[in-house]
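We call the chains A, B, C, D and E, going by the order they appear; numbering starts again at 1 in every chain.
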Amino acid sequence: MTPGKKRLSYSYYPGCSLHASGREYDISTRALFKALNVGLKEVPDWFCCGATPAHNVDELLSLSLCAKNLSLAEEVEGDLAVACAACFSRLKTTQHHLKEDDTKRKQVEVAIDGPAAINKPVKHILEILAREFGLARLEESVKKPLLGLKVASYYGCLLTRPPEVPELDDCEDPSIMEDLLRALGAEPVKWSHRMECCGANFTLSRPGVVLKLSNAILESARIAGADCIMVACPLCHGNLDIRQKEIKEAYGAPDSTLFGNIFGSELRGGSAPDQRDVPIFYVTQLAALAMGVASESLGFESVITDPKPLLRDKQLL
Amino acid sequence: MSRIGVFVCHCGENISRTVDVEQVAKAAGEIPGVAYSCDYKYMCSDPGQTLLKKAVAEHKLDGVLVAACSPRMHEKTFRKAAEAAGLNPYLCEMANIREHCSWVHEDRGMATAKAKDIVKLMVERVRKGKSLAPITVPVTKRALVIGGGIAGIQAALDIADAGHKVVLVERDPSIGGHMAQLSETFPTLDCSQCIMTPKMVDVANHPNITLFTYSEIEKVEGYIGNFQVTVKHKARSVDEKKCTGCGVCMTKCPKKKIPNEFDQGHGMRPAIYVPFPQAVPNTPVIDRENCTMFQSGKCGVCAKVCGPGAVDYEQKDTFTVEDVGAIVVATGFKLYTIDRKPEGSPIQGYGEFGYGTIPDIIDGMTFERLASASGPTGGKILRPSDGKEPKQVVFIQCVGSRAREKGISYCSKVCCMYTAKHTMLYHHKVHDGQAYVFFMDARTPGKGYDEFWRRAVEEEEAVYIRGMVSRMYQRGDKIVVMGSDIQVGTQVEIEADLVVLATAVQPQDGADLLAQKLGISYDKYNFYSEAHAKLKPVECATAGIYLAGACQGPKDIPDTVSQASAAAAKVMTLFAKDQLERDPVVAKVNEKYCVGCFACKKVCAYGAIEEKEIRDRQGNLVKKVAYVNPGVCGGCGTCQATCPSKSIELDGYTDEQIMAMIEAL
Amino acid sequence: MHAETKQHDFEPKIVAFVCTWCTYAGADLAGTSRMQYPSNVRVLKFPCTGRIDPVFILRAFQKGADGVLVSGCHPGDCHYMAGNFHARRRFAAFRALLSFVGVDLNRLQFSWVSAAEGGKWVDVVTELTERVRTMGPMPEFKELEHEEQWSTFAGASADKVLNSPELKEAYDSIG
Amino acid sequence: MPQIITEQNLRNLIDLLVKEAKLVVGPKLSGSVVLYEPLAAGSDLTLDALPRRSSKELFFPICEDILSYKRENGAMKVTDVDRSKFPETVLIGAPPCDAGSPAILDAVMSWDYNDEFYLERRRKSTIVGIACTKGDDACFCRAVGLAPDAEGGSDLFLTPLKDGSYACKAVTDKGQALVAAHQNLFADGAGTEPVPFVDQAVEKLDLVKIKKWLEEHFEDPLWEKIADICVGCGACAFICPACHCFDINDEGSTDDGVRRKHWDACGFAKFTNHASGHNPRDVQNKRYRNRIMHKFKYYDDKFGKTLCTGCGRCIRACPVGIDIAEILETINGKED
Amino acid sequence: MNAKASKTHVTCIEPAYYEAITEAIRKEAVQILKDETVVGVVGYLPGRRKGTASPALVTTAEEAGKLIFSPACVNNLSVYLTKAKKGVLKKGKVGIVAKGCDMRALAGLITESQLQREELFIIGVVCPGVYGFGAERTGTLTEANIARKCRECSVHLPDGADVAAGTHTELADLTPEEAEEMARIEAMPQAERWAFWKEHFSRCIRCMACRQVCPFCYCEQCLCDKNRPQAVESSPRPAGNMAWHLVRAMHLAGRCGGCAECERVCPMDIPLNLLNRRMAKELKELYDFEAGLNPVEKGPLNQYKEDDDQSFIK
């Protein structure tokens, strides 16, 4: 009686990072979707979403960049899948603004010389996996459960905020990553810094800030007993992965400034902080691994903090 | 063919200056159905009214139209005069040719033409009008008060003192409500229990009050003056009549480590218990969930030690039906539980605060118990995790309140004041401690309130940080509070020993279900809706039901007590007469044509429409139709506009009247 | 102060359906404040906008109204709690229907006028009256009122048959 | 002497008649449907399809004013409709199942009461019938005693010929007069072969036998069987060339209004509803039974005619597919 | 006409599919009559003429064995369960053959207390479409002869039925003529819209077929039959016709499930369903309400929200 479930299929906007520093995210996403038999068709001729800089400089430009990309995506069948949290945020923000503001929409439509695809559904990889494909089906599809792997799931700033734009989960207390991890057989840890900022695009302009913020995240994950951190954003990945060595150098001493301006803190000092390496995984890397995709095709070689010792230790390689 | 009299008033010169009243009267005389018309200088004067009465008799008039001022001014006057002349008052109408005509137009020709039209319209209205008799409803002079907190207690005492019988129903084993839990009250810092318990005792001893504790409302039927309320008396397992309240059972009960709800789970109580020592009635109940006897059938200690033999394990829930004429709803509030998103609620949780997982993050009511001399710590401020005295305490205001992003947009009203009070109590008890308060702004509109708040800040050294908290987590034995200080423009982190959340005030669990039983409306948060925000703040839309206290919206104690007394006054007003007389402008159902789609019932704001079964002589169900309870109908007519077949009709504004008026345009 | 009374070619017929508690009282206030407004409006009083059936509006147009005003209490002020809320939905739907069959909605005005808003009553009535005055008489329903099925014309009088332009032309050409 | 008229001349005839200030009515495309409507010119005539409504409305309009009333100075003033203003009318292009209907209706309209509205229109009208070469599976005129070429009711009768022209036959003096007045449009001769008629699914019924059965079966399970599905609309009656029930309504106010007569249908639940609230035909099958009885028994009893021309309109239009021809066949096939 | 003929006729559905549905309906209807689950079944029987079918109220297993389903089964049978057309079936549980669009009416009638779900046994049809009115009624259902409403059907799966007959679920992708027609009318200048509807309504003969087939016109006293007061003139004149159709559209707003029966049965071809669809569209846009998807507590015009749109109110 019930019609057979159609094969899921998506159009795909990788974004610049996924074709550059975050290449592992791109290839693991493709590998994962292939393993799950979910269609993924890259939007032809896509270009940069404007990321964080554009909207700080020129609002019309930033909206137009995304609007044009969306109208390109409209040409490809299926909801638009986005992996990068920043691209996702920009595309959704654009749709949100243009839906709310007719004047802006008209300006943008003049700029891009065509209608803005404000209703094209834009979906983050996380919601595709957890909701559209479904946790139950995902759990069924697991070939190699990530048993014993303690993962700190890191959401960062953009995935859920502001709540009316991404509409992904509870904006301050989400659970979609944890749910996903459980479905993959891993153990999500409870930790404090999963919603804090990593410093994001200050990575070049003010590395000091990035070191401080990223250190707080890494340290918090270690305190919580995490083996690794799972991210869904190439920028977060960059900061947390590439800078681990620098962070150790800067904050190796026990008297860290982790907690900023503290009123009457008596907690300073104490034992030297834990200095473990914390491998950083993309959500798709872990998921693909669990689906039995060969680890060689997931880009573990190209990251700085080598995850292989951990994976070997957990007998996942 | 009707015989209508039209009386055109000059109103001195107020009308006649711009309207040619003679012409209007003449034109009126030519309208079909008009048997008599005239104009007169002052229709509302004694001679004017006499003129009307005489004309009714002389010309055998069967309807009267007075073309004069607004009916809002003199409709009553002329209806009385018509009634005195032997007409049904509802066959007397007014055509407003003053406020709606002579005063607002200058052109005499146009104004006169308009006045003629107005008269023509209104003549049609009188012609198609019907005699209506006022509706009388008998009143049972006995009131029901739901909820035994300070609101319910006050209302019950006031009504009872006025000489009327009152039934007070309380869900918990004792009356007292939240006020009994408080330590000291703002802005005077007097002991809550000291002022509360005498009132509780008054209730117990009042000859006019029947107190049902550990009881709930099962069903409500009837309408204003004539409610039948079924009350469920939950099995107490202790016979109230036999129990002397000696308390031996409680001391002998072998199971003593049950978290006490009265102490917010921080103190312990036995399985047979009274919630707190001053409970009214002082009759214990057995908590069957936790009683060994009920769970395994082995124990029975309390029954053995009970001298009067009051313990009865076989007791069942019983039901009584109470006939009452009015109901005061005073079900109060609960504090928002923030650790999770409540099922089916529009409100989001505060998982990021770690409430429920970090033991030293508590809510305001728990702090009240910690600060209370009768509380689990004997009035010492000790934190729950390890019993240490906290040296740094962070208070966070507006947790859940005014948080649109979390789904609550209202202000809980009492938190600013009680948080200020908390900092003071803390400072009085822990002299070397430091209190921090995160707040949006301090709202202190009340007598002596701002002075109180300033004292907390200026004399009692609480550090107020304007800003909100984003996250809290445990680090060692401290709680790291991450927040912002928007005045300094910086992020702030405090390592606290104890965090107290001023969580939002919400309606009691099940408030919506009770409202459905009562047929009263409630807002999206389940607070009960008053009939008019300004002018009927105590009445419900449903006649005969009144509101008191926080069930209608967050309130502090003085406001609650005021509203309770107001509700009691409303009940007394209702009880002042034996019969309730109502304007007969109510809807009626044409049962022949009603097909029972109940669209009328769906739009009725008064809950006046019931489903009625029509049966043939053999008793077989023919159909269900709508029935309007005239005692409850408010007379808005929304039902008639909604009914596709117009099988429901509002007397005084029938389709026939309106259509005839439109036809006469 | 006294404005010259202008003579107009066209005096539109404006019908106002108002609730007794707010708008009727607001109009009373306009009177006691001696505010001036066009005399074209004829007021029909209802207990509540919730009582106002769309059929009444239709009927008013059929009976020659050039403009119709429906006015009641502001949201939240309804004497009967929710009558105006129900009316709001009903009229939102009715407007869509009228518009779909080609009625110019400029002739149908809805407003909230409270008992304190005598000035607003004057504004609303004046604006509607003047707007309708510039639009001219409402032809649609009035014309319809006098139209017949062709076979009926064949009965009443021959000139009524000539409802289509071509037919009229054909008959006129006969001379 | 047989005569023929070309199609173009037929249209020219219409043009001429219009010029003569006659009301010329014929099948015309009106929106998406073909209806009998006043023709402004010969080019308006459409002979492709059977009009949705029958031509009875020419004599018996959907709705007509009978009188108007107004209360003036206390007295009621009544104005009658001036029937003398009814125009001279020519109906052109009615097939036998429509053209034949006045011949049936005249009887009832001039029986115990002369319906002057109807009769005046009849007097002032000329009917140009046309043999029917279309037809579909709902047609059953042969079964009720008519035929695609039946001349009954027509004043002038046309038969379509294979070359597109029409053979003409003046059936009555009125028809003769029409031809005589426009002799130049007609030519003498028999013309080519006529266009053949379409076969009908229900060819022959024994109307006497059916009437007899009806006489004996006022109560019969058949009625429930065939008419329980009837939803009680008036579509069948309104588009029927023979149904002639009407209702009279005062419209306006009690002081000023018009008395109107308009079509009514026995299928309506309120048709026989008494002021008391009692309804002798309380369920739908009794109402439908009345329709059959009236057509095939009562009317015959009174006027010796069957109140049906077999046009099949009711079969096509019935929302629930009630098929009068099938019912008649069923009765016809009954043994008892 | 010709423009249509030149279009390629996509074959929508094979006749064998309807035969399979017929079989399934017969099997189910016979069963529930035999085991006395129901007192009767409302279904379809073939008509005398080719390509026609009639509603049928069958009470025996033998009759039930003759029920059919074909593209000619156009009627919305739920009308036989409403009060105004009552009395034809005995009291008790009734079986009914229902297409997806008919089920919306059933849901609406349950909403309006006219039916109880437990008194119904719904044999849902996985309907691939039916003939349009006046279209070719023989042979395969194609793009040329499918009903207008079926072209944009979204409810062909009878969700919530007791049993479902048929398995075919894929519908051909056809141009939504109804939506296009509605858009065309909306795009007209106001005067043209008025002329469009005036012409249509003027043709109305007030046969009341639209009312009588409508599952929601179950009033025992239609407002339009009332004469004290006469809200709508009962005589078939353009003025009263316009009023009647506007009143009807208003009364159906928020209730009509879109079975389009009114439009199908109109002997004068008035596009009545357009009015109902327009109202449905408005209520969907304003209040996000779609009628008949499920039985609900209150329709959109029987409820309100405090923040409903009031941009049109001064």
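In this section, contacts are C-beta pairs under 8 Å (C-beta built on N, C-alpha and C of every residue); 3 or more make two chains touch, one makes a residue touch a chain.
All of these numbers come straight from a predicted model, not from anything done at the bench.
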Common touching chains of subunit E and subunit A: B
Field: Pair exhibiting more inter-chain C-beta contacts, C-E or B-D
entry: C-E
Query: For which chain is the distance between its Cα centroid and the global protein Cα centroid smallest?
result: E
Message: Among the chains here, which has the CA centroid at the largest distance from subunit D's centroid?
response: A
Message: For subunit B versus subunit E, what separation do you get between their C-alpha means, in angstrom?
response: 45
Statement: The distance between the C-alpha centres of subunit D and subunit E, rounded to whole Å, is 31
Task: Report, in whole Å, the distance between the mean C-alpha point of subunit A and the mean C-alpha point of subunit B.
output: 49
Field: Numbers and ranges of subunit A residues touching at least 2 other chains
entry: none
Query: What residues in subunit C touch two or more of the other chains?
result: 59, 76, 82, 86, 90, 148-149, 152
- prompt: For subunit B, which residues are shared contacts with two or more other chains?
  reply: 592, 603, 642, 655, 658-660, 663
Statement: Touching subunit C in the complex, subunit B uses residues 70-72, 96, 98-101, 103-107, 110-111, 113-114, 117-118, 121, 521, 529, 531-533, 541, 585, 603, 605-606, 634-638, 640-642, 650, 652-653, 655, 658-659, 661-663, 665
Residues of subunit E that touch subunit B when the two form their complex: 83-84, 112-114, 218-223, 226, 228-231, 251, 297-299, 301-303
Statement: So, in the complex, the side of subunit E touching subunit C is made of residues 185-186, 188, 190-198, 202, 223, 231-232, 236-239, 242-243, 246-247, 249-250, 253-254, 275, 278-279, 282-283, 286-287, 300-306, 308-310, 312-314
Message: Under the definition above, what is the set of subunit D residues touching subunit B in their complex?
response: 71, 73-74, 252-255, 277
Task: Provide the residue numbers of subunit D that touch subunit C in the complex, in ascending order.
output: 18-21, 23, 25, 37-38, 40-41, 57-58, 61-65, 81-83, 85-87, 89, 117, 121
